[in-house]
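The two complexes that follow have subunit A in common; it is paired with subunit B in the first and with subunit C in the second.
== the complex of A and B ==
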């Protein structure tokens, strides 16, 4: 299906970009993307995917809006406190861009359901907030061969990488083992600036948009580490790890058990 | 004595209290040996390396433990972070 006059006007500022055009915009329109997490990263990620005209965006989260979200999660207002984040986010994003479909999926992602939940998507953009889910999302994307646009933040540091299963290093290649439960602080314990989640989420969405439009993403096999104290940006070259339990020759399911950890919003 | 720069990221930076150190090394010393030496000064790193939680890059490229450290190398040690 082609672009309507409305769509051509709406997306005109990106359609005039040298590498973009109706063909690329149509690819975005026909794309189906899962955004895992509707928090500090999920807000900028889902917003920029919406603005760019990605045709179907499914947002996964099980949390409800809380007052402590508001230093970074800009899709919510105090009136939304207590409502499921995905429901509010989907409402706002549909209002912002009525041309696309936004679905709210109010569910927990774990190792048991990730492989089924994350099936049939053209891309997954991950902004979840704990290791068990991050490793589950990685393994599900690798097994289902879905490109994964990874972002993470903590304190003054942000991380972004683009994972194309079968082609690039996966999350487990870079980080084979999660830290022992309880040894790593969460955003609640260690803190994070909203602007930092904005930077990381924006880069993730840019990578995903480039990929979906058919342009080359810039962070394949590359872990971008952003340091907000000194504005230092390190690009670390990643390699596929021989014998990786996720993307190696034989897939080995390896759920991460943090059952003693309190979930964080 | 030849020195090598080691940079710490995220939790390693918090726990060591610094973002970089200069440490002496001998010719032919491997990354594993360098991590052992660092582990004496920073016991947290020793455990993280043993647990496979510390990813190590040399000159911005992830390397295995058998990489022989050379003069002028910049070593970066970082754990995964999960905040979102």
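== the complex of A and C ==
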């Protein structure tokens, strides 16, 4: 069924799972995924997609590696400081799994280009760290009908949801408006534990892998909230919102025009 | 009962014996079904393969497990499954 002996060995520990098999593995192999952000979420997300055998992974980011990344972004080493994150991440991931294609896309994502950049993918996994880009990614995925695996971390809280355009609530259904500028602490003020980005990114990637393999993701219409203070995992039911400017009857472009960083990391 | 295909897994250990069996059986199932003869020389595999097959979504039927010298031969029927 199109898997080499090498691939069967490499993926044997997931192929033995009752829900998985050559068919599911081949679906992963034929999938093309965009990861937006190569930071605290992007590192675990792109790593687990790579390990699982997703055939093409395109990583988008425009940042360079900095020393302050190292409490959570495990794909980089101090020698990489100053280099574009996507370039380093792609190098590392290709070394980990030479069977797949990893592309580094060193670019800004914004409301003007997101709709074109995020075209033709089987899934987008979002690891961006600010509201303008997050809403741009949501709207682009809704318009292009691409499943979106959302994740965010704010201080001690992580959030994850799975968005299937046309079927589930989108990010704008849950959060029609971004918080007022200045109401959310910036990355520097709020801080972030690396382990929390690891948890959230891992759940996002698991959802994406399940979906791409043809299995049912668990977080459709569900916002999973993880609280690191008390280890609370809360599930909030989401519903499609009538008149949603993104996934409602008529799409209305609504760029978020303030710069408010949140600590995805 | 005669087999349609044979898979010689001598030299392989668990869980690889199961992985290779599963992939081959899946292939058979999606191409109209049939009976696969699996040969193993790692004794635990003779028990582990049938047990692991029971947890699969596709309903495989273990027809026979027989020792042949220092090896085991397993006959497993894969049902025909549609894509």
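The criterion applied here is as follows: the second predicted complex is superposed on the first by the 257 of 265 C-alpha atoms of A that agree within 3 Å, B and C clash if a C-alpha of one lies under 4 Å from a C-alpha of the other, contacts with A are read in each partner's own complex, and residues count from 1 in each chain.
Keep in mind that, in the parts below, a contact is a pair of C-beta atoms (placed from the backbone, for glycine too) under 8 Å apart; a residue touches a chain by one contact, two chains touch by 3 or more.
Owing to the predicted nature of the structure, the values given are computational and were not obtained by experimental measurement.
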Item to check | Touching partner for A:18 - first (subunit B), second (subunit C), both, neither | outcome: second
Checklist entry - Of the partners subunit B and subunit C, which touch A:246 in the superposed model: first, second, both, neither? => result neither
Item to check | Which of subunit B and subunit C A:146 touches, first, second, both or neither | outcome: neither
Checklist entry - In the superposed arrangement, does A:8 touch subunit B (first), subunit C (second), both or neither? => result second
Item to check | Which partner, subunit B or subunit C, touches more subunit A residues | outcome: B
Next on the checklist: Applying the document's definition of touch, where does A:176 land relative to subunit B and subunit C: first, second, both, or neither?
Outcome noted: first
Checklist entry - Between subunit B (first) and subunit C (second), which, if any, makes contact with A:89: first, second, both or neither? => result neither
Next on the checklist: By the touch definition at the top of the document, which applies to A:234: first (subunit B), second (subunit C), both, or neither?
Outcome noted: first
Checklist outcome for this item: Residues on subunit A touched by both subunit B and subunit C none
Item to check | Residues on subunit A engaged by subunit B in the complex (per definition of touch) | outcome: 37, 39-42, 126-131, 134, 151-155, 157, 159, 171, 174-180, 184-187, 190, 192, 197, 225, 227, 234-239
Item to check | subunit A-touching residues of subunit B, taken from the complex the two chains share | outcome: 9-11, 14, 48, 51-53, 55, 57, 60-62, 76, 78-84
Item to check | List of subunit C residues in touch with subunit A within their complex | outcome: 15-16, 18-20, 22-23, 26-27, 30, 52, 55-57
Item to check | subunit A residues within the subunit C interface of the complex | outcome: 1, 3, 8-9, 12-13, 15-16, 18-19, 21-23
